[in-house]
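Beneath this line is the structure, given in C-alpha cells, with notes to follow.
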Amino acid sequence: MSVFETSAGIALTETHSVTATAADGFASLGWLMIALPLLGAAVLLIGGKATNSWGPMFATIMSWAAFAVGLGVIFQMTGLAAEERSLSVQLWEWVSAGDLSVNVGLLLDPLSMVFVMLITFVGSLIHVYSLGYMEHDPDKRRFFAYLNLFIAAMLILVLADSYLVLFVGWEGVGLASYLLIGFWNWNPAYATAANKAFVVNRIGDLGLITAMAILFATVGALDYATVNESASSMSQGALLAVGLLLLLGACGKSAQFPLQSWLGDAMAGPTPVSALIHAATMVTAGVYLIARSQAIYIETPDARVVVAVVGAITLVYGAIVGCAKDDIKKALAASTMSQIGYMMLAVGLGPIGYTFAIFHLVTHGFFKAGMFLGAGSVMHGMKNRVDMRRFGGLSRVMKVTWITFMMGWLAILGVPPFAGFYSKDKIIETAFVGEGWQPWVFGFTALIGAGITAFYMSRLFFMTFQGKARWEDDQHPHESPKSMTVPMIILAVGSVSLGFILGPTGILENWLEPVFGHPEHHEPVLAIPLIIALTLTLVALGALLAYFMYWKSEVATEAPEGTAITKAARRDLLQDDFNEVFLRKPGEGMVTMLVATDRDLIEGGMVGKTTGSLAGLSDLLRRTQNGFVRSYAMTMLAGIVVILGAVWVMQ
Amino acid sequence: MTGGEATLFWVIAPAMVLGALGLLFAHKAVHAAMSMALVMVSMGVVYIAQQAEFVGVIQIFVYSGAVMMLFLFVVMLVGVDASDSLVETLKGQRLWAYLLAAAFVVVAMAGVASVTFREPVGLAAVQEEGTVTALAREIFERQVFGFEILATLLVISVMGAMVLAHHERLRPVMNQRATSNATVRSMKWLAGKPNPGVYARHNAADTPALLPDGTPTEESVPRVLVARGQVASVTEYAAVTESTDEGNAPNTDLEADSEGEGQS
Amino acid sequence: MTLVAYIYLATILFTIGALVVLTRRNTIVVFMGVELMLNATNLALVTFSRMHGTLDGQVYALFVMVVAAAEVVVGLAIIMSIFRARRTASVDDSNLLKL
Amino acid sequence: MTDFPWLTLLLLVPMVGAAVVAGMPRGFARSRELAMGISLVTLLLGVLIAFQFDIGSSTQYQLSEVYPWIPQFGVSFALGVDGIALSMILLGVVLVPICLLAAWNDVPNGNNRRQQTYFALMLVLESMMIGVFAATDVFLFYVFFEVMLIPVYFLIGSFGGAGRAKAATSFLLYSLLGGLIMLVAVIALYLQGPGGTEGFLIQNLTGLPIDASTERWLFAGFFIAFAIKAPMWPVHTWLPHAASEARPATAVLLVGVLDKVGTFGMLRFCLQLFPEASQWATPLVMTLAVISILVGAMLAIGETDMMRLIAYTSISHFGFIVLGIFALTTVSMTGSTLYMVNHGFTTAALFLIAAMMIQRRGSRQIADFGGWQRVTPLIAGSFLIAGLSGLALPGLNSFVSEFMVIIGTFQTYPVYAVIGSMGVLLAALYILLMYKKVATGPAPEEFAGTTPDMSMREKFVVAPLILAFLVLGFYPKPVTELLEPAVQTTLQNVGVSNPAPTSVDAEGNER
Amino acid sequence: MFEAPEISYAALLPLIIVFVGGLVGVAIEGFAGKAKRYAIHLPVVIATLVLAFLAIIMVARDNQGATAAGAVVIDGPSLFLQGLLLVLSVIGILVMSERFGGETPDAFTQAGVSTPGSVEEALATKMGATTTEIYPLTLFSIGGMMLFTMANDLLVMFIALEILSLPLYVLSGLARRRRLLSQEAALKYFLLGAFSSAFFLFGAALIYGYSGSMRFDVIAASIGTEVLMDGLLVPGVLLVATGLLFKVGAVPFHAWTPDVYQGAPTPVTGFMAACTKVAAFGAMLRVFYVAVEGARLDWAPILAVIAAITMIVGAVMSVRQTDVKRILAYSSIAHAGFILVGLVSLQQSGVTSTMFYLVTYGFMTIPAFAIVTMVRSSGTEATHVSQWAGLGKTNPWVAAAFSFLMLAFAGIPLTSGFTGKFAVFSAGVEGGYAWLAVIGVLASAVTAYVYFRLIVTMYFGDSDDDTVVINASALTLFAIAFGVVVTLFLGVVPSPMLEVAQQASQFLR
C-alpha cells in the first residue's frame, strides 16, 4: 500500500491494531519497572540526609532493577507469538466521569519495550557514571533522586496505554528535566534555563492537551486501543488537528522547530543529565509519540508531511547551529536536535520510516550518550570548562575518553560499519521514497544534513582531542575514574556494534513488526547504491574540511568575528532574539498593561470611582444639612410641591 | 353666597391677605403681630358670616384675644425694637421660597379648581336647634373623644411651659421675718448699713458715705457697683462735706434678696 | 361667586403662612406664620363644613384652635428659653447643629 | 442511625466549641490545644458522616434534616448533602486542623484573651463553612453565606497585617453587596415558588416554570453574588487585599474553602434553579471565566507580593472551575467540582508554605528573597511541590481536575476550552518565575545557616497537604465517585445531556 | 337630650392607664419634695407602663373594635404597636433614668429654665434641682403615640400627633450638657414639626372637603363615589402623608432628624427614634391601608419613590459622617426608607413586615443610643467617631454590644435587622416593587460600610486615651442587654414574633 495514496476511508490492511491481552506471568509485574525507580526517588527525597551515604547507590540499584524487570518482560515476550506480544497491565481506574474513563494501565508491546531497554540500560549506565561524576557534589543524593524520578517518569511515558497516562510521564520527565537543568540553580542563568525548558515544553503540552480534548470529543476515549480503532472514523479535520497538535507536543519535548530554543540552554544541567535526558531518552519522546500515534497519521497525510517538514527543517537547523558552537555541550545539543530531526523526518514519512526512526533513535541513544559522557569526562578533567577552543590535544591524556568518543563520532558520521551508518543511511534512503517534490526535497535535505553533520562533529572531535593543546594555564587534564569510563566503554561498544546487530539482521524490524506492520518495500527515486555513495562522499568531504580547518590549521583561542551567518548560528540562528522580540516583550508588555489596568481601571476606576463618587455625593448632600431651619423648611416645601406637581402631571 | 356675604368677602378677604402680607413683610415683629391680629379678627368675622358664629366668637376671643396677646407679650419681652432685617442671608432662599410658594399656590388652586363641588348644603338644617346647641351636640355626641383627649394637650402645654419657664424655688423663702432673724443672728449691721453719701451737689448711689471720722465707707455702696468698680471717688467731696452730718439710713442689699427669689 | 372663594382664600393665606416660615428670621414671626397656616386651614374647614352641611368642620376648627393654643404655649416657652441663652430671636442664629 | 441529625451535630460541634474556647477564663492558656481538639473531633465526625453517605443512592440530598424555622417566611432549617457538598465539607474539616496548626503561633503567648478570640473565631468559621455547604434551604444558605463574613472580617481586621482594616472592609463590602443583591433574588425566587411553610427548600424551588425574563434577572442576582465570592474578573480586587493582609491560616480558609461557596452556589443554585437562564448566560459567563483565567494568571506573573500572587493564581483557578461548571458536561463539571477540592489543598499549601518563608524573611516581597532553596531546603522543596500542584503537574491533584475541565469544556465549547487552556502555560510561568526568584540563585548570606528550616509543627502542617496532592493526583476516584452522581443530577435538572463523541455519529466523518 | 356615644372604656384602658399615670406624675411634681421625686417617679412610670401592657393583653382578648363613635379603632395592628410602644418605652425610660452615680437623671439638665452657663444653672446644680417633669411628659408622649396608632379619624390623629410631639419638643431641649445645642434642637424640631403638622392639617381639611368627614371608614367609603372631587382627595392624602413622613424622617422631610437627634439628650433621642417611628408608621399603616387604600394608584407610586429616595439619601449622607449620633440619625432615615418599602407593598405581608421591622428597629436603636450615653470624654459624651477608637480593646463588652447592634443595623443574618429587612423586602417584591428592594439592598450595602467603619474604628484602631466608658447602673445595662437579647432572638428565632405580627396584621375597617 502506497503511503501517499492512503487516505481516510480506505480500510487498513496494517496489523497495527493488535489488541492487547492482559499480561500474565512475569509481565504482570511490569509496573515494577516504574515503581522501583519511583521508590528510589521517594526514599531519597523523604529520607533526607539519612540516606546521603547509601542513597546514590540505592538509586543506581533501583535503576538496574528496572532494567532487569524489563529484560524479564522481553524474555517472556519472545516466548509469545508475534501477534500476542502486546500485553496490558491494568492497575487502577484513574480518571472517571461521564463518558471519560481512563485507567492507569501499561501497554507492554515491542515498541515500548525497545524504549524500556534503551531507557533503563542507558539510564542505569549513566547512574553509574554519575557515581563518579557527582562524587563531590554536596547535593548528590538529591541528584540521584531526580535521576530515579526521571527514569520512572520516562518509563511511564513509554509504557502508558493511553494518551493521558503518557501525559503524566510526559510532564514527569519535563519536571525531572526542570529539576536537573536547574540542579545548580545557585547560578541564576541555570535557573532561567530550567524555567525556559519547562515553559517551552508547556507550549507543546498545550498541544497535547488540546489533541486529547479533540480525541475525547470525537472518539470519546483516550486509550490507544480505542483511538486506534476509531481513527478511521474520525473526520479529516479532526485528524489533521490532532496530528498537528500531537506534533506540537512532540516539537516541545523533542526540541524540534519551532520549539527548539530550550535545548541549548538545558545544557546548564550536569553532563550526565544532558547525556541521559537531553540526548538519549527524553528528547526522543516526541518521536515515540508520533510513532505511537501512527494510526492517526496514517489517516492524515497532510499532518504527516508537516511532521516530515518539521523534521527536515530541524535537521538542517541543528546542523547549522552545531557548526558554530564552541561550547562542546551546546554543539552536542545542536547535534542532538539535528539527529532527532532525522527521526522526525523518518516518522513523517509514514510506515516505511517508523522502524528506521526507532532504529536511529536507539543507536543515537547509545552514541550520543557516549559522546556526552565523553564530553563530561573531558569537563571532569578540564575543571568544568566547555570551550572547545581551549581544548585540543586531549587524545594524549585521556585515552579512554578519546577512543570511546571516537566510536561515537564515527557512528554519528555514519561511517560503515558503525551504528549510525545502518540507521541514518536507512532514513536518507527512505527520504528519497515517494512521488512529486517530496522525495527530492526530503532526500537531499537529509543528504546535505549528513554532510554538515560530518563537518561539525568532526570539528568538535578535532578541536577537542586533536591538534595542539590550547589549554589554559591552570589545566592539568587527566583521565576520569573507572565508574565513569566503564559506562563510556559500554556505550562505545554499543555505538560500534548495535548497527549491524540490529539492522541487517532484521532483528529490530521483526521485533517491531507487530506494532508497525510490515510496510511494502518502495524504491527510492534514486538508486540505493547511489544514495549510499553520495552520502559517504558528503560525509567524507565534511570530515575532510573539518580536518583541514581544525586539525591541520591553528585554532584560534578566541572565536573569530565570523560572517553574519556564523554570528546568527552562534546565537542559535536568532531564535532567542526572535522569542524575545515577538513573545517575551509583548507578553511582558501585556502583563504590565494588565497590572496597570487592574490597579487603575478596575480597582482605582470601577471600584475607586464608585466609592469616590459616593463620598462626593455624600458631601454634596450633606451640604444641604446646613443647619438653617428655614432651609430645612424649604426642602420640605419643595418636596411637597414636587409631590403635588407629580400628581398633577400624572393625572 | 348671598350678595351681602359676597360684599363682605370682597372687603374682608383683601384685608386678610393684606394682613398676611403684613406679617410677611413688616420689619418689626410688633407690626407683624398686629397684622396677624388683623387677620385673626377678620377670620372671626368670616366665620360668623359663614354661619359658624360660635367658632367665630371663639376665634376673636381666644385667638385674637389670648393667643395673639401672648405673642405680643413675648415680642415685648424679646424686645419691641428688635427689627428683623429683610436682607436675606441665605443664598437663593428668598427666590426659591417665592417660586415654591407660587408653585404651591398654583398646584393647590389648580387642584381645587379641578373639583366640581356639589351644591353647598348649608348649615340651616343642622343648626335648627341653634348654633351652639348643634355644635354642642356634634361635640358631645360624635367628637367627644377628641374633646376629651384635648385635655391632655392642655396639661402637656402647662407642663412644658413650666419646665422651660418656671423657676423652681431652690432655697427657703426669705421673707421679712426670716431676713430680720438672720440679721439679728448674724450680729452684724444690726442697725443696717450706712446709706450712700448724699451731698448737696451730688446725690448718687455710687458715692460712699463718710464715716464720722470722715473716711468713706464702701459698705454704703451697693455691692454690685463695688464689684464693677463704679464707685465714685470720694476725695473730691471729702473736703467739702467735712462738716456735714453723715446719714445713717438702713442699707438695702438688693442683690442678696433677689438672689433666691425666682421671678415666676 | 361660590363658597370656593373661601377655599382659595384659605389656600392663599396658607401659602403666605408658609412663605413667612421660609423667609422671616425672627423666630416669633416664623411661629406666627405657622399659626397663620393653621388659621387658614380652619377657614377651609369651616367652609367645607358649610358645603357639606355638617358641623364636623366647625368642631374640627375649634379643636384646632385648642391645639394651636397649646402649641403656642410650648413654642413660646422654647423660644424664650433660647432667647435667654443667646439674646437673639433670629432663627438663623440657631445654626450650631449642621452637616 | 439515619435519622440521627448528623449534620446538625457536625455544625454544632465547632460552634459550641468556639463558645467554650471564647468562654474560658482569662487565665486559660491552652485555647490552642482545646481548639485543635475540637477541630479534630469535627474532622472525625466528618469522616463518620462520609461513611454514612451512600454513593449509589438515588436521592439528591442525603442525611437530610428538615425542621421548621421561620414558617411565616417559608424557611426551614434544612440540611442535607450531595456528593459535592459533602466533599466541600470534608475539605473544610480537613483543612481547619491544618490551619489551626499553622496558626499555632499567630497570636503570641501571653495574651490569652486574644488567643481565645482568635481560635474561637476560626471554629465559628468552620461551623459556618459546614452550614453553608450543608444548607438545603435557600434562605438558610443565604444566612450562612452572609454570617460567614463576620468571623472572617474580624479574623482579617483584628489579626491581619498592616493594611488589615482596609482589606477587611473591602472584603466585607464586596461580599455583602453581592449577598444583598442575591437577597432580592432569593425573595423573588420564593415568590415564584409554591410558597408555604417550606417554600424555601431547594427541592421545592427546582424546576419551577418561571418566565424567561424573570428567570434571567433571578439568575443574575444569584450569579453576581457568586461571581464576587468566587471571585471572577472584574469583581476580584478584594481578594488580593484580603488574602495578603489576612493571617495565612485565615487566607487559606477564605480562599481555599469559603470562596468555593461561589462556585458551589453556581452549581447548586444558578444552574439547577434557573436552567434556561444559565444556558442563556453561558457565553457571557464563559467569557468572564476565560478572562479570569488569563488575566488572573497574567496579574500573578506581574505581581511582586508573594501572598497577592497566590491570590491571583486562585482567581485564575476559579476561572477554570467556572468554565467547567458552565460547559455543562459531566466531565467538565466533575472536573470543576474536583478542582474545588483540589484547589483547596493547593492554595492551602501555597499560602502556608509561603507564609513560613515570609515569617522567616520578614517580608512578603518576592524581590526580598532569592536563594532560599539553600537557606531552608525543606520549605523551598515543599513550596515547589505546592507550586507544581498549582501549575497542574500530572500526578499531583490539580492536574486531573484541570484536565477534565479542559476536555469536558472542549466537548461543548471548544474555543473557550482552547483559550482557557492557555492558562496552563501561564501557570507554569507564574509559579516557576516566583520559585526562581524566591528559591534559586546564590544563598543569601544573612540568612543562610542561621535560619531554621521547617520545624516539626510545620512538617505536620505540610505533610498532610502533600499527601493529599499525591492521593488525589493518582487516585481521585473516591472523590469523583462522590461527585459524579451529584453532577449527573445537576445536569438532569438543567436538562442537558452529554454530547456523544462525534465519530460515533452515523455520519461521523462529517463535521 | 344628648345621646352620649358608646365609649368602651375597657377597650381604652391601656391609654387611660398611661394618661392617668401621666397625671399622677404631674401630681407628684406638685406635691413631692424634690429629693424624693426621682425615687417616686420611676416606679410609678414603670408600673404604669407595665399595667398598660397587661391591659393591652387583656384588651386584645375580647375588646377589639371601633369605639368612641368611631374615633378610635382597637384592632390587631393598633394593639400590637401599642404593646411594642410600651415595651420600648420601658427600656427607653430606664435609659433616661440613668444617673451614673449622681442624684438626678444624668442626661437632663437640672434647671431647664436657667440660661446655659449661668450662675443660676450652677446654683441649681449645687442645690440638687431636678427636672423630673420628664416623666409625666414622656408618659403623655407615649399616650399620644398609642393614640396615634389607633386613631380612626384624621383630627384625632392630629391631636395625637400634637400630644406625642409637644412633650418631645420640650424633652429635646433639656440636655444637661451642650445645652445650647439641645435648645437649638428643640427649636428646630418644634418649628419644623409645627410646619409639617400644618400641612398635615391642611391635607386633612382637603380630605374633609372631599368626603365630608375625617373618619376613615367614611373616607374609605367615599373613595370611588365622589369622582368629581378627586382633585381634593389626592393632594389631601399626600399632604397628610407629608405630616406623617416628617415624623418618620423620610426624605425630603428628613432635614430635622440629624440635627435634633444630635442635639437632644441621648436617651431622648433613642426613645424618640424608636417610639416615634413606631407610632408614625402605625398611623401611616392605618391611613394608607384603611382610609385611602382605594386611591392607591394615585399615591402608591409617589410613596414608592419617596421610599427609594429616603433609602438612598439616608445611606449616602451617612457615608462621610463622623458623629456617632448623626450616623445613627442618618441610619434612622435609611431605616425609615426600608420600612416604607414594606408599607408601600400594600400586601397583608406589608403590615406584618412593617410591624416586625418596627420591633427590630426599636430594640436595636434604644440600646445603641444607650451605649452612646456611656462613652464619655472629659465628662461629655464622646460622639466623634475617632473618639471611639480602640474601644474594642479597652471596653470589650461595650464594643461587642455596640458592634452587634451595628451588625443588626447593617442587616447581617442572625440579627433581627436581617429578619426585618428580609420581611419588608419580601413584602415589597410581593407587591411588585422589586426595584425598590434592589435599591434597598444597595442602600443597605452603603450603610453597612458606615456601620463597619464604626466597628473598624472600635476594633482595629488605636485607643483614644481621653475616652472612657463610665459605669452604668443596672437600668442602662438592663436596657442594653434586653435590646441586644431581643435583637439576637429575633434574628435567630423570629418565628414567634412573626406569628404574633401576622395574627395582628388584620385591620378593622
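Order of writing sets the labels: A, B, C, D and E. Residues in every chain begin at 1.
Here, a contact is a pair of C-beta atoms (placed from the backbone, for glycine too) under 8 Å apart; a residue touches a chain by one contact, two chains touch by 3 or more.
These numbers come from a predicted model, not from an experiment.
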item: Shared interface partners, meaning chains that touch chain A and chain C; value: B, E
item: Chain pair, D-E or B-C, that carries the greater number of C-beta contacts; value: B-C
item: Distance-maximising chain from chain D - centres being C-alpha averages; value: B
item: From chain A, the most remote chain by mean C-alpha position; value: B
item: Chain whose Cα centroid lies nearest the overall Cα centroid; value: D
item: Chain centre separation in whole Å, for chain E relative to chain C (CA means); value: 25
item: Averaged-CA centre spacing for the pair chain D and chain A, given as whole angstrom; value: 36
item: Whole-Å separation of chain centres (CA-atom averages), chain A against chain E; value: 79
item: Approximate Å spacing (C-alpha centroids) for the pair chain C, chain D; value: 65
item: Sites on chain D at which at least two other chains make contact; value: none
item: Interface hub residues of chain C, defined as touching at least two other chains; value: 7, 14, 17-18, 21-23, 25, 30-31, 51-52, 54, 56, 63, 67, 70-71, 74, 77-79, 81, 91-92, 94-99
item: Per-residue multi-chain contacts in chain A, two or more chains; value: 622, 625, 627-631, 633-634, 637-638, 640, 644
item: Pairwise chain contacts, counting only pairs that touch as defined; value: A-B, A-C, A-D, A-E, B-C, B-E, C-E, D-E
item: Of chain D, residues touching chain A in the complex; value: 170, 233-234, 237, 295, 298-299, 301-303, 329-331, 334-335, 371, 373-374, 381, 388, 393-395, 399-400, 403-404, 406-408, 410-411, 414, 417-418, 421-422, 424-425, 428-429, 432-433, 436, 439-443, 474-477, 480-481, 483-484, 487-488, 498-504, 508-511
item: Complex contact set, residues of chain E against chain A; value: 187-188, 191-192, 195-196, 199, 230, 234-235, 238-239, 242, 246, 251-253, 255-256, 258-259, 298-299, 301-302, 306, 313, 316-321, 446
item: Touch list for chain B against partner chain A, complex; value: 90, 93, 96-97, 100-101, 103-104, 107-108, 110-111
item: Touch list for chain A against partner chain E, complex; value: 614-615, 617-619, 621-622, 624-625, 627, 629, 631-633, 635-636, 638-640, 642-644, 646-647, 650-651
item: Interface residues, chain A side, partner chain D - complex; value: 8-9, 45, 92-100, 104, 164, 167-168, 170-172, 175, 178, 182, 185-188, 190-192, 194-195, 198-199, 202-203, 205-206, 209-210, 212-214, 216-221, 230, 233-238, 590-592, 594-595, 598, 602-603, 606-607
